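Here come two complexes built around chain A, the first alongside chain B, the second alongside chain C.
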Partner chain A sequence: MLDISPYQLVIASLLVIFFKQIVGKVGKEVLEENGWRLYTTVGQRLGDAKLKELGNRRAELAKIDRERKSISAQDEYARWTKLNRRFDKLSGETEKLAESQKDRKAQLGRALGVALFATTSLPIWVFRIWFRKAVLFYFPAGTLPYALEYVLALPFVPTGGVGLTVWMFACNSVISSLLFMVCFPFQASVPPPARPTNEKEDKTAPTETSKPATPAS
Partner chain B sequence: MDLELEPTLESIIKQDSLKWIFVGGKGGVGKTTTSSSIAVQLALAHPNDKFLLISTDPAHNLSDAFCQKFGKDARKVEGLSNLSCMEIDPEAAMSDLQQQASQYNDDPNDPLKSMMNDMTGSIPGIDEALSFMEVLKHIKNQKTSKDDDTSDISYRTIIFDTAPTGHTLRFLQLPATLEKLLSKFKDLSGRLGPMLSMLGGGKQQDIFEKLNEVQKNVSEVNEQFTNPDLTTFVCVCISEFLSLYETERMIQELMSYNMDVNSIVVNQLLFADADEDPCKRCQARWNMQKKYLDQMDELYEDYHLVKMPLLGCEIRGVENLKLFSKFLLKPYDPKTDGSIVFQLEQK
Partner chain C sequence: MSTELSAEEKKRILRERRQAKMSGGKASSRLNTILSQGSSVNSEATSVLDKTTDETKETQKISPTVEEGLNAESNDVFGLVDRSALSNKQSSPVAEKLDNNAEDMDQLFKQILSQNSQENGSNDQNDVLSSLMRNLLDPNQANTAAPGADSKSSEKEDEYERQLVEYKKYQQSKVKFIFLVLRYLAIFINFTYHYLTSEGDSFKSSSYAHFRLNAPATIQKSFITYFITFETVILGTYFVLLSRSEALKGVTESGIILKGLSLVSLVAPKVEHYRPLITSLLNYAELLWMLIADVSLIVVIFGVISGF
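What follows is the complex of A and B.
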């Protein structure tokens, strides 16, 4: 059914793992937030009534707030209070509207989660199960000590070859190391550790390290 | 409805169906004077009916306003026999209730013993509701205890002089909260019932019953208070920025509870235009008050905006209250009524 040559398998799994690592690095929350922002702006452009209304309301609220702040409450009490009343009424309505959009946001989040799963974890596991016996490449006989070749062939490939499990493990560690090296210069600096003077400070000594987690698969 | 509402409380005094009148506002704006004045005017307008004025303010000053000592039980005002006053401390009513609860259940090891107290502390508005119910119970008790003249003692209208602190009427939002809470509890007791009964020996049923009762009472009271034919709220303020701001917020809050608010009493106005010997400071201050009055006219055009003068001394005693309170019905005119400012008899 799935007729993929070992060469394609090597490239495909490398790409999938690379994508998964990037997603893990960026973080699901950030993706969801940006996805929602994109969704709302695109939705407004496309003329989604609710989103458009929400956007208008927010803009109007900001306008009323600016106006309210620009006048003196004591000199123009009536106008100020009327603005207040409008603001309260409008913000109540906006809140309700935003609340009704929360479902959509959650739906979008779920859809995004499914999409990410379908493009990262799912193919990895399908590959690992379906092609568990596929040999990606061989070593010429006797290149490595027998024990090492035996380990590299685990779990299902004949000794002397390399299977998906080991290949994916290698990809994961290399890519995460590379990502770490790329990201490291942009990370917030950690204060240099100070020599602890008493026991109390010992506990508060900086333990933060900027080491990225290495995913298992 | 009239386009221009007359600036008096005549509609409140004349309205036949009103059972509850609340008078509220921030401290120091003349709530007690206003509520006493309304009560006096009601009593004068309907000499054949009985009226009750209740102060729920812990700092009681009804006694001072009428120059007569009042207490927890309704007592008639000297010189105005169809008006009674009482001063109730809601906090005391609350602790009475808690004591009562601990009387029923004096097992020191009972884990559910403190539950009632915790509950009363945790639901927003429930302590106000409970203390209010105590007040109402008090009124009811009074009716039954004096059985020699039962027909006589039912009051036509009860006027509340509310406390300036906190949200006196926050409990009006309580029924919804309680309903939610009770359904949750019922759910919980269905699941954990066996365990709870092991712990408390079936006493949790009492708690649920009690809460149910509270909810029923609160919804009854709520129904009465949100009916504009039965209940109205009179806001009292002075013509200054902060007082107006607080009043506006109070009105918005009351409206969110569906309570009827259509009267605002503006107290302590100087009316310095017609003074014979002009005082510079009075006139400057009057100008400031006028500025806010104009703004109020614009903001509250569909309210009865009653303007009351600032007098030369404290308004105390029934006679003085009678003199002062007639301006609730007939707008104060500084030209013709100006003499009242220094006319009050000193006590």
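What follows is the complex of A and C.
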């Protein structure tokens, strides 16, 4: 049934593990939020009435907010108050509409979870069960010491070859290291902290301001 | 009204008579008489009133109302004493005495705890507990914290310690990043050199087993020789940094194993002797994981080129 070549298995497992690591790095919650945003955008274009109304109200809310921030409350108080009242009313209505879409959002979250499972965890389990004794590739002779080749061949593969277990472990290790190498330069640097000074010492030290004023002669 | 007064007068007269009997060292004999009533065994108890210790001297200094109350209580075998009236009289001086005793005990406890905490380098009993909790949560904070009596300065110190831990973690990540780049570069350069200079398919991996029979011995062995040399130099440098640098050391000690050791050492202090050994083992374990990660890279590279 699953008649694929060893090299296809190598690449397929590498891509699945890479995708799984990316999902783990990004986070499932972030993916759900973005998925929902995409769904609402596409849903509006496809003509979903409620989503369209929600989108229109959000756009109007953003427009009112921009207008309100662009004018001064002191100079144009009446207009600002009117805009503020409209904004509050509209934000209340938008929230109610968004609440009604919660069930749909939860359904989308569940669907996304199933999709992620089907594309990341399920293939790995299928490969591990179906191809557990497959030799993916052999090292050229003499490249690595015999002891190392023996360990890398565990548990089912002849010495000199690499099986799926070791291959998946190696892929996980390398991909996580590469992700670390790519992400670390974008991480905010932490400066060395400044040791706090003793407030009591500062208070007891004489200062110019604390000296009593000399009486005028 | 007249009956109440006469009843009160009767009580007062009874009290005075009993007091007269108690004075002059007769309290013990009266006590033994009461205790021996109805039994064949004669008791030889000594009444508290007859004791010639400091406590009795203090009791003699008590105000008359208190003394009266104490005597009345001790004499009231049949429950004739009006306890409510007594308690009203007794409440303030006796309560004061009890409060004073309680305050003395509190001061005594505070002195004991402050002595203990001063031996540990702190001046506040709360700091003993807070240093314990800090030791559990993060050994770095316990070692470097200087808890002060002022709450504001201790908050600033805590904030400083937190920032210091964050800084050390960032420094460790930075060092790991640098060494990771070095290791991967060394492996890629080594592999690329041998792949380009090898004859035919001698340095290629394949899903076919017969590829293993075609390789001349020299090239493959030099690959592993260079690999071991680079790994020894790079990992050796990292180990020296790990064992000597204060920044890297502090973060290693915040790991879960050493935190567990700190918890266990609270119950069994002898376990603390093994801390340097366990720290060394953890450093070696980190080196081993780095070596395994580098071998994994070799496996992945050979795996990817196996299809070409």
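As a convention for this text, the second predicted complex is superposed on the first by the 140 of 217 C-alpha atoms of A that agree within 3 Å, B and C clash if a C-alpha of one lies under 4 Å from a C-alpha of the other, contacts with A are read in each partner's own complex, and residues count from 1 in each chain.
Quick note on the criterion: a contact is a pair of C-beta atoms (placed from the backbone, for glycine too) under 8 Å apart; a residue touches a chain by one contact, two chains touch by 3 or more.
Here the structure is a predicted model, which means the values were calculated and not measured.
Touching A:G47, do we find chain B (first), chain C (second), both, or neither?
A:G47: touches no partner chain.
Check whether A:D88 is in contact with chain B, with chain C, with both or with neither, and answer first, second, both or neither.
first
With both complexes overlaid on chain A, does A:V10 touch chain B (first), chain C (second), both or neither?
Second partner only.
In the superposed arrangement, which partner chain does A:V135 touch: chain B (first), chain C (second), both, or neither?
second
Look at A:L148 in the shared chain and tell me whether it touches chain B only, chain C only, both, or neither; answer first, second, both or neither.
Touch partner of A:L148: chain C, not chain B.
Of the two partners chain B and chain C, indicate the one touching more residues belonging to chain A.
In the superposed model, C touches more residues of chain A.
Output check: A:Q74 vs chain B and chain C. Expected answer is one of first, second, both, neither. What do you get?
first
Using the superposition on chain A as set up above, list the residues of chain A that contact both chain B and chain C.
none
State the interface residues of chain A toward chain C in the complex, per the touch definition above.
Touching chain C: residues 5-7, 10-11, 14, 135-145, 148, 152, 158, 160-162, 166-167, 169-171, 173-174, 177, 180-181, 184-185, 187, 189-196, 198-200 of chain A.
Which stretch or stretches of chain C touch chain A in the complex?
Where chain C meets chain A, its residues are 150, 152-153, 156-157, 159-160, 163-164, 166-167, 169-170, 173-174, 176-177, 180-181, 184, 201-209, 211-215, 217, 220-221, 223-224, 292-293, 295-300, 302-304, 306-307.
Which stretch or stretches of chain B touch chain A in the complex?
Touch residues, chain B against chain A: 241, 244-245, 248, 252, 292, 294-296, 298-299.
Spell out the part of chain A that touches chain B in their complex, as residue ranges.
Interface residues on chain A, with respect to chain B: 73-74, 76-78, 81-82, 84-85, 88.
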